[in-house]
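These are the structures in question, set out in turn.
Consider the two complexes below, in which chain A is the common component and chain B and chain C are the respective partners.
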Partner chain A sequence: MSRFALPRWSLIAALSLLTLAAAVGSLLFGAVDLSVARLIAAASGDGDRVASIILFDLRLPRTVLALGVGAMLGLAGAALQGYLRNPLAEPSVLGTSNAAALGGVAAIYFGLAEIHPVVLPLLATGGALLSLALLFILSGRAESPLTLILAGIAVGTLAVAGTSLALNLSPNPFAAMEIMTWLLGSLENRSFEHVWIALPCIAIGMAMLLWNGRALDALTLGEDAAQALGTDLRRTRLRLLIGTAIGVGGAVAVTGAIGFIGLIVPHLIRPLTDRSPSAILLPSAIGGAALLTLADLGVRIIPTTNELKLGVVTAFLGVPVFLIHLMRERRLW
Partner chain B sequence: MVSLVLDHVGVTLGRRAVVQDVSAAFGAGTLTGIVGPNGAGKSTLARAMLALVPASGSVSIDGTGAAAMPRAELARRIAYVPQGQTLHWPLTVERLVGLGRLPHLAPMSRISDTDAAAIERAMARADVLELRDRIATELSGGERARVLFARALAVEAPALIADEPLASLDPGHQIDVMDLLRAEANGGGLVITVLHDLTMAARYCDRLLLIDDGRIVADGTPAEVLTAGRLRAVYGIDARVETGGDWPTITTFGRAR
Partner chain C sequence: MRQRDLFAATALALFGGGGLLWAASPAPRATEPAVPQRIVSINLCADQLVLALADRRQIAGLTKNATDIAMSGEAEKARGIPLLSNSAEQILAIEPDLIVGMPASRSAALAALPKQDYPTLDLATADTLDDIYTSIRETAAAVGHSERGAALIARMQGELEGLPKPGKGRIAAYYQRRGYMTGTGTLIDELMTRVGLVNLAEKLGKPPLSQLSLEEMVAAEPDFLIVESATDVVTDQGSEMLHHPAIRDIPRISIPQAWTVCGSPAYTQAARSMAAQIARIDGDRS
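After this line comes the complex of A and B, so read on.
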């Protein structure tokens, strides 16, 4: 048992409280300085119009998305690390987030994003689903994780190449800038239309991945032993693929690429559990929700000339986690 | 009473026929050793018994075809210790042994008192109770082998198949593992194990299957199967087989010329 392990329900309760605090903070703070009293009045339905618009049309969807996307990324990272039995796995290893990003980039490149705000996330979700089909075709019926990683690299590389092509051929610097900005990942100016696109995808994704917990535990003994314990490897992989592609694809579709949440959250959670793959799934989802919401809060309250992009902040967060791992590996800490 | 029947079982991997036309029946209370040279198809035969590889012919357990049986049902009837002590994640010993209860758990349920009792029994039988809170990946080879056995025992299946459980163990730990297998058979279990050490196989097993090139070459008691002539033909070695004691002992001299 790890030195820091907590009873399962205490851990879930503590993380839920942290997430709740982050969500409340996300509703209270933003670019416009509104008093708590005005926000409470707006929430109870008899506030002024400005406060009401800021709370319900700007901060609420942004907070809901931060929670949902963070939870999806944290969970997908934990599930993939368990399935591939590799602590460095993260949601992008299957290439679906790159494919979703390419869908979004295509929407900007061809000017379709200007038709309606939901065109971009819809095309991005389409990109993720297309990559899922490609993954099925490429990885075939084989049950080894290696074929899945190879197929994921192929799909991801193709999507990144497509994105680079769009940047390369972009008609003017402004289009290129718009693509780059979207790729950095952000929750700025997201509305409930985005929420309705992302949340169903995230719900399907999370259900599929949480369902895999036992199979992931059995897989710690290797594939033969897992099967001999009654695990259906094909169905396990099917749930993993569909869950990651639809869930992460839907999340990236509305936020752009936000890296490292799926990688670092399971590492932060693992020492607090008995380390079995199933035990970190739900806590990683809650922890991911808390971390992304806090990061998004940080983006809004750190004073910079341009608003910091969320993907940039999460990338910086990833570095210390790796340094700690490196130091542990070298037994310096 | 548990029974396992192989009827003209064949396995082809790629283009190679790894197991060919194997027929044999196994019953309760017997420890059977599968012996044969490297690449003879011993492990593949063991995997075919568990429906882990597609096989021709039929494998039936208690009269039902293994291939058509739901995985969890098969898992409740045959426990399996695969080759190579694979452990991919630093679980505690108790948690690892608890994985043996997976075939018994209903969807979304937690470990029950019955499961917890089975885990305790398995840890006691494999003598790993004192390792309960240790991290399994940090154990020595001998401790790890006992823990993986406890994991298989926790299934409490009537049959147990162990693939090369003695690999990388010192003589003391080899005896511990063979004692465990023997005790399972004495308790009424159907136990099948793939072995390389012929003297260990002769000492502990009731019955040996000698496999060469995917086929059964000999099937009988250790004294019937292990003859100097067969060892020369199958392994290509000169060996002396002494049959005067309680079990045959094999002394190898060198490659047959």
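After this line comes the complex of A and C, so read on.
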């Protein structure tokens, strides 16, 4: 038991409050200064046209997406770290997000997304699933946590190269800018159409990952012990694979690959819990929602001529976590 | 070059369009032969003027995008004429007796040619209608058909004469992919003024090319959005932005990029189409 362990409910309540504050902030601030009074008037339905369009068509979908996508990435990070017993496992480090982006790029730039709205998340999910399967095959039963990360880098690099190639092959003269958005992620100019694409996938993905809590706890004792305790490892792995693929696929399909949320959040949450994998699942989801919403708020508030890309902000937050682990691990090498 | 339309320029450069490679190595300008017989154009905008003014058999080479109907107003005429990829070798093989560029003397491909005096015509980037007339006159004289230039200018003047100004001082924004907005001192700005519209960029004091977020656009409440007709269909995230529900209710004027990227004879088509579209939108409203 960690000394800092908070009772579970108070941790969840505190994180929820933070998330709520982030969401309110996300609705209050943007490129145009709108007074709180004007926004409240718009929210209650008797505001002016400009304020209500900005609030309901621009800021609300953006906030909802930030919350949903952040929750999904945070939860996926917590679940992958628990299952693989590897502190660096998360969708963007393992290449899952980039593979999903490749699927999304293929759907949009070759005109497949126009066939039916479901094609975009379907292909993104397919990309994510393929990368996870490839990853599990590549790293196999290797004991070293390094193997998995190396395999992830291989898969991720391949996906990034594929994304650039797909954009270069498509008849799009603006490919360079599009590549940047897909690889660094952005919540700019999202609408409710995007929310309806992403949210169902995220809901399914999160449900499948939260289901795994018990099995993850058992796995901390090793695979054999877990099996002895009655855990069906094959089913656990399948739920984890499919849940991560669907959730991350749906999220990336509308926002591009946002990095490091899944890495940072579980590391921030873990010291506040009893460190069992199941205990960090739900708090990581809520924390992820708060972190991404705050990062997106930062993107909007930091004054730059062109809007910052989300991946830039999350990388600045995530890389230090990565480095701390590198320093710690070095002692073991 | 003024930043008339960064995006058009980017598009040309990325397409490998012959003309937009700027290198600083001026070639000496030779005296022109009476009627050149192997004209090479190394710029998309020059392609259109050459096609409009020279005889087909006089043209020996155009840029890669000359046949792209999305980019050139004279694309139909360019079919069958050899397209060059801006390589010095290809130009050398043709042995042109006139090279037209914008400007030709600063082309990297020409700089790579051995020291040999090719007659060149340097056209200036056209930001106003008068610039277009000047380019037409210069090209017509260089290709040996001055009378065609005069006739073309007269035709354009005729087409613009009596063009109504249905804009009535209302505000319009030329909104491009990813929220780029075209400002003053550009051909687009002149077109707006010609049909009686006021450029939103001027009202907001923005530079010739600026980026305006959707929120800012909603708050600015322009009366019209002018968009490139290529963005009428969502093909990527950049064009998807222009279809966001937040700006769906602003009336749209859609103009093919091919008419506005270059200062070309298509200017009159753009002006007339804009006036007609404003009139149609007003008609639907009343």
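Everything below uses one rule, namely that the second predicted complex is superposed on the first by the 254 of 333 C-alpha atoms of A that agree within 3 Å, B and C clash if a C-alpha of one lies under 4 Å from a C-alpha of the other, contacts with A are read in each partner's own complex, and residues count from 1 in each chain.
Convention: a contact is a pair of C-beta atoms (placed from the backbone, for glycine too) under 8 Å apart; a residue touches a chain by one contact, two chains touch by 3 or more.
Computed from a prediction, not measured in an experiment: that's the story for all the values here.
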Could you tell me if A:P277 is touching chain B, chain C, both of them or neither one (first, second, both, neither)?
first
Just checking: does A:E178 make contact with chain B only, chain C only, both, or neither of them? Give me first, second, both or neither.
second
Per the contact definition in the header, classify A:S191: touching chain B only (first), chain C only (second), both, or neither.
second
Return first, second, both or neither, reflecting whether A:D48 touches chain B, chain C, both chains, or no partner chain.
neither
Between chain B and chain C, which one contacts more residues of chain A in the superposed model?
C
Residue numbers of chain A touching chain C in their complex, please.
30-32, 50, 53-54, 57-59, 108-109, 111, 114, 172-178, 181-182, 188-189, 191-193, 305-307
Residue positions on chain A within touch of chain B in the complex are 1, 82, 85, 214, 217-222, 224-225, 227-232, 274-277
Which residues, counting only chain B, touch chain A once they are in their complex?
47, 50, 52, 70-76, 78-82, 84, 86-92, 95-96, 99-100, 102-103, 105, 133, 148, 151, 155
Chain C - residues contacting chain A, complex
7, 10-11, 14-15, 177-179, 211, 213-216, 218-219, 221, 234-238, 240-241, 244-246
